[in-house]
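Lettered A, B, C and D in written order, each chain numbered from 1.
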Amino acid sequence: MASVTYDHVVKRYTADLTVVKDFNVEIKDKEFMVLVGPSGCGKSTALRMLAGLEAITEGQIRIGDRVVNNVAAKDRDIAMVFQSYALYPHMSVYDNMAFPLQMQHMKKDEIDKRVKNASRILGLDNFLKRKPRALSGGQRQRVALGRAIVRSPKVFLLDEPLSNLDAKLRGQTRIELQKLHRDLETTFIYVTHDQVEAMTMGDRIAIMNAGILQQVGTPGDIYDHPANLFVAGFIGSPTMNFVPATVDNGTAKASGLEVKLPKPVSAAKGTLGFRPEAVTDRIVDGGPSMKMKVDVVERLGSDQFLYGQVGSDQVTARVDPRMSVQPGDTVQLGLDTRGLHFFDSESEKALI
Amino acid sequence: MHKLWLKRSLILSFVAVFTAVACGTSSTQNAGSVKVMATWTGAEQASFMAVMKPFTDSTGITISYEASRDQDALLTTRVAAGNPPDLAAAPSPTLLTNFAKTGKVIALNNVIDMSALQAQYSPGWITLGEPLNDGKLYEVYSWVSLKGLIWYDPKNFQAKGYNIPNSWDSLLNLQQTIKSGGTTPWCIALESGAASGWPGSDWVKEIVLSQSGPTVYDNWWQGKQKWTSPEIKLAWQTWGQILGSGDSNVYGGAKNMAATNFGDGGTPMFQTPPKCYMHNQASFITSFFQSANASLQPVTDFNFFPLPDITSQFAGAHVVAGDAWSMFHNTPQAQQMLKYLQTADAQAIWVKRGGKISPNNKVSLDSYPDPLSKSTAQILVATKIAKYDAGDLMPADMKNAYWSAVLQFVQDQSKLDSILANLDSIQAKAYTS
Amino acid sequence: MSVAAAAPSSSVAVAWSPKWITDRIGGVVLHIVVISLTVAWMVPAAGLLVTSFRLPADISNTGWWTALAPPFKFTLDNYSQMLSASNLGQGFFNSFMISIPAVIIPVTIAAFAAYAFAWMKFPGRDWIFLALVGLLAVPLQLTFIPVTTEFVKLGFTPDHLTSLGLPPFIPLWLAHAGYGLPFSIYLLSNFFRALPSDLFESAEIDGAGMLTVFFRIVVPLSVPAIASLVIFQFLWVWNDLLVALIYVGGTPNVAPVTVSLVNLVGSYGQNYQLLTAAAFFSMIVPLVVFLSLQRYFVRGILAGSVKG
Amino acid sequence: MDFSVLLTDLPTLVAVIIGVPAVLAAYIVGGEYLVRRLPDKARPSVRPWIWVAPALLLVTGFLVLPAIGTIGQSFQDNHGKFVGLTNFGNQLSGFPTGGSWIAIRDNLFWLIFYTLFVLAFGLLLAVLFDRVPYEKIVKSLIFMPMAISSVATVVIWKFMYAYQPPGQAQTGTLNAILNGLFHQDPRTWVQDTTLLFGLIPINNMALIAAAVWGIVGFSMVILSAALKGIPADLLEAARVDGAGEITIFRRVIFPLMMPTVVVVGTTLVIFALKAFDIVYAMTNGNYDTDVLANRMYKLLYQHFPSDYANASAVAVILLATVIPVLIFNLRQFRAVEARR
């Protein structure tokens, strides 16, 4: 088992097309690391460089202590699950899983043992003789996983493995993957554009945008302390409320809200950020409050979301489901300052 | 040096793979063999092999025979590549003469028995083999054929009381008589794939020879007589008389002439009632008659008379053709074979099998298997003026244009002047290259 | 883990519904169209087949269809004459000895080259590929003299090779390969290019070398394209006359069966009716090749490989 | 037939069964072995050349060098003297009937009608046959003409086009139909230069039809293979979406088959430019049916001594007409490349 280190890694196709810029991450041994970001952010390229499918323009990638820049893909001791699964259509499930082992010239009975073991873990026992075209999407996905598992690689790479599954299956598989990670005790690197997958599965998350690493941290860390406006907006659903504000004497002023910042900031202008759950129906005495003209009410049973106008800004609030509100009502809401963020208008960096 | 290295390594690399099997496959032919290329296929191939059998039996020399009707392309490529056969026989000397010009064939004067040749062949056949006029023999003829045979069905002639015409005028009278009887006198078929038109060209050259004589004929194929000259034009017009205006003397008219294969040309003669009474073609046509109608017998069902003389001055003039041999490698075996082929004994073998006539005087008329070939041979022996097929002596461009001109002429005889003018323009270029 | 059943839901058409009726009519029309097109296409060949059982006299006097009505006057003459053609057995053997390598060599070489053109990067790739396609247009007749001239200089002639104990057909094999390669590479590389790249990458990570990827993934997945290429190349080589005459010649020990068959006809075209029987005789082998490879033209060979 | 040769011709037999595969395998394995010796970095730049080398070598020897020689020859006379564009002048003078113009015109007919018909029929048959359970049988029947040698094809079409004068029993299939069913006078199909629909002389069309008949199996087989490569679920999805069969063909099947259509189309265009066999055997260019390849053949082999100079000029004209097709291919090729 091994750690993975990206050390000032750059991927440049042409002089003016750089898809990964100065990428630095250290992924610990046995860690479940999720690379997340919108499509085209360079996360897949970062993964493919690690897999050995793309050349590294600058910098180093290390697996354990070994620099793998010039090591062929097959010698990196990694396994990869493709978004498309990339199953060999002319081979049976068994042969698909046996293929990487045959490539290592492993003995027949050892191959058999490993394939049987993997198929038991994945519940594929009854399908070993089938061809991929006779399998459902979820089964194919598990064959793809199986093909990676049999090799017991040092590092497991997964490139959006759930995106071709339907919602229900995706939920299940998410849990199974986490279980698999625990069982295999291997480093997992998982690429996705879905922040829910990232939040639920990752030990740590690395968020990328436009080829640049934005923030690395545990899900909780990133949720509570986003490093910048992008991360704050990307993680969490519904998204964080952003209202433009001016700062005067430690107090931020927005169109419909005034709040004393918990910490002094140097900027005079910026964006106030607070998650919907920080906006409550409980108003603390002396605490900040706001008037919301409610446009839409969403009741989810366990939660109730209000979407409306505060001053000239759009705000979402998560309130007690028992509170009775109708669209068109104007309600008075409080703000929990513990969940308050302030982002610099220029750098978009979090100042609070 | 470099080439040699390349050659060796190429061969070695293959040898390396095949060493296991390259054991003692030495095909030892003590007497050697001769590589021969000719156009005889089918039954003709069998006849040629029969000719060569006594030779192989007595000398032990084997014949490696390659037959192809694509001889023009094949032999041209072989010669250009430096890999020609030892001997080649061609149905027309054009190709061989060209190789003589470029020094690719060997003069035969010291190869064959010239005195025997002179004793046994009429001088015309020997002169034909000296196309460069440098006193050297490049081609020698083994078998020949006579053109200008008018085929007819004696039963039909008898039924109508028609007589064999013995003069040109009586031929024209006969065709008029037949026509007034409501039947077209002639069957003519010009289709011959890539060589379409040649049967009509036979008509024209036979008329030129018989009408204007050998000097005009020779000048004509040598490119010294213009196509628009009065003599040649007259020959076409004379053929036009045979065709009749708008080809009305020919069964099916222009369309049928163009669309019918020369091999099927004579068969309408044998329908009842006959569609035509006469058909001009060389002697090979009898095999087509019999293939289309297996019950037909020579002499009783079909016979021929030679095309009547046109100008009395040139009476007994006939167009002939033949199979010419040339030598590309002067090996002892090839020499022996060529000497064998000029003998009466060798030539008589094929003569007896039918389909060929020998140019050798020593071949007895009794060798001919049937009355028709015998009378052909008699005519040939009696021929006062024998001239080789003019088309085959012309440059290929000229020959092809000549054939095409035939096709155009039968479509519309009134265009004769422009057709001949076009032939002149080709003549001006074709002989220079 | 739960197993998501892949139960195909078959929809049962309701009999006599308007859709059911139009479907039925559509089906009947389809069959009529397919069968009549096929029959129309068969007419010329059927004419040849009937003709091949007719006497020469009938062939030149009446149309072939008249033979289909009484009195039936069919004959096997053409076939028995054709089968007694000189050198037919040797010609048949030679044809196989020519055709098999003349298919294996170019198809193998083309497959490798096509893979390189489709999936490897090297300078000038596109231009070389285009030039190859352009070479399809070179008239073969033009190449005979320059190439055979070099072969003669190199001792690459049937006689010389035989004297070395090598097969005399080597020049012909190479010629058929050279002439067949542009099309072969063009066809295969088009097919290879359509294969999903994920498969190659996945195999690469799995530890497969280029050769393994090629033989275990590319080739099995390209079976339809390779099968059709094999058929075409085989047909061209089997039916070839001119290239064989040029590169090995028409002597009986090396000539392919096409030479024996075409030489049935006399130099004036006598007995051309034998070609009708010959056509069917020489067609047998290519048709067997076609029929036996037809099972490789399967649907959806890539199904299940990518996408869910 | 005598099959005793099987025993006598042992070296050839062994070469075919063992030698040829052995040489090929030795090259492949040896090449890969060499590549593996190389440093990691050098491999990707060396390997492609090893893979394409045998193909390039053979093609260079058999096609490229002769083609270059031809281009050189086209600017020289038959004695090797440089004559500039004289040969092309010969071929391109006398428009519209002189030089090569008739052949160029007829090649244009071939280019349009042969390509169009073969492609259209091939596509139609592939799509229709795909829907019937007896596909294999009908495909084999349509394919059969491909297996007939060109010599026999010519015999077949001579029977189709045979002509007897009006009033006679027709022996040609087409004239029998024309005469028997439509009560029209028989035609001399191969000689008749009347325009068909005011577009193309009947005899040119007759020759093209014979060639089309012989080659449709080719386009059908390749297009059918491409058709089978289209995932069934895509078609099902389209059907579920309510698309009619024609719409499905136009919007789903045809676009997906486009790369293959381009390959087949390109090949056919080049076949049309090289048309030779049928024309040579049936008319040898008479009755205004000449084509460039036949013209070149005549100059080379029915012309003594061979007129290499003019034959080369004709060949270069033929080769030059391929360039637009190549440019189209390049664009298609780049487009596919960009998509992946």
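Simple rule for what comes next: a residue touches a chain if its C-beta (ideal position, glycine included) is under 8 Å from a C-beta of that chain, and two chains touch if they have at least 3 such contacts.
All figures in this text were calculated on a predicted structure; none of them were measured in a lab.
*Asks:* What chain groups remain joined by touching if subunit B is not counted?
*Replies:* Taking subunit B away leaves a single connected set, one piece.
*Asks:* On the document's contact criterion, could you list the chains that touch subunit A and likewise touch subunit B?
*Replies:* C, D
*Asks:* By mean C-alpha coordinates, which chain is most distant from subunit D?
*Replies:* Most remote chain from subunit D, centroid-wise, comes out as A.
*Asks:* Counting C-beta pairs in contact, which chain pair ranks first?
*Replies:* C-D
*Asks:* Take the average of all CA coordinates in subunit C, do the same for subunit D, and state the distance between these two points in whole angstrom.
*Replies:* Inter-chain centre distance comes to 13 Å.
*Asks:* Can you check how far apart subunit A and subunit D are, centre to centre, with Cα atoms defining each centre and the answer in Å?
*Replies:* 55
*Asks:* Round to the nearest whole Å and give the separation of the Cα centres of subunit A and subunit C.
*Replies:* 54
*Asks:* Using CA atom averages as chain centres, what separation in Å is found between subunit B and subunit D?
*Replies:* That pair's centroid distance is 36 Å.
*Asks:* Tell me, which residues of subunit D touch at least two other chains?
*Replies:* 11, 15, 19, 297, 300-301
*Asks:* Indicate the residues of subunit B shared as contacts by at least two other chains.
*Replies:* Residues 14, 18, 21-22, 25, 73, 76, 80, 193, 261 of subunit B each touch two or more of the other chains.
*Asks:* At which residue positions does subunit C touch at least two other chains?
*Replies:* In subunit C, the residues touching two or more other chains are 60-61, 141, 165-166, 209, 241, 262, 272, 300-303.
*Asks:* Could you list each pair of chains that touch one another?
*Replies:* So the chains that touch one another pair up as A-C, A-D, B-C, B-D, C-D.
*Asks:* What part of subunit B is in contact with subunit D in the complex they form?
*Replies:* Going through subunit B, the ones touching subunit D are 14, 17-18, 20-22, 25, 72-73, 76, 80, 94-95, 97-98, 101-102, 193-197, 251-253, 255-256, 258-261, 395-397, 400, 404, 407, 433.
*Asks:* For subunit B, which residues are in contact with subunit C within the complex?
*Replies:* 3, 6-7, 10-11, 14-15, 18, 21-23, 25, 27, 35, 37, 39-46, 64-70, 73-74, 76-78, 80-83, 91, 192-193, 261, 263-264, 267, 284, 287-288, 291-294
*Asks:* Taking the touch rule as given, give the residues of subunit A at its contact with subunit D in the complex, in rising order.
*Replies:* 70-72
*Asks:* Within the complex, which stretch of subunit C touches subunit D?
*Replies:* 30-31, 33-35, 37-38, 41-45, 47-48, 51, 60-65, 83, 88-90, 92-93, 96-97, 100-101, 104-106, 108-110, 112-113, 115-117, 120-122, 125-126, 128-139, 141-143, 146-147, 150, 165-169, 173-175, 177-179, 181-183, 185-187, 190, 193-194, 197, 209-211, 224-225, 228, 231-232, 235, 239, 241, 258, 262, 272, 275-276, 278-279, 282-283, 286-287, 290-291, 294, 297-303
*Asks:* Would you tell me which residues of subunit D are touching subunit A in their complex?
*Replies:* Of all residues in subunit D, those touching subunit A are 40-41.
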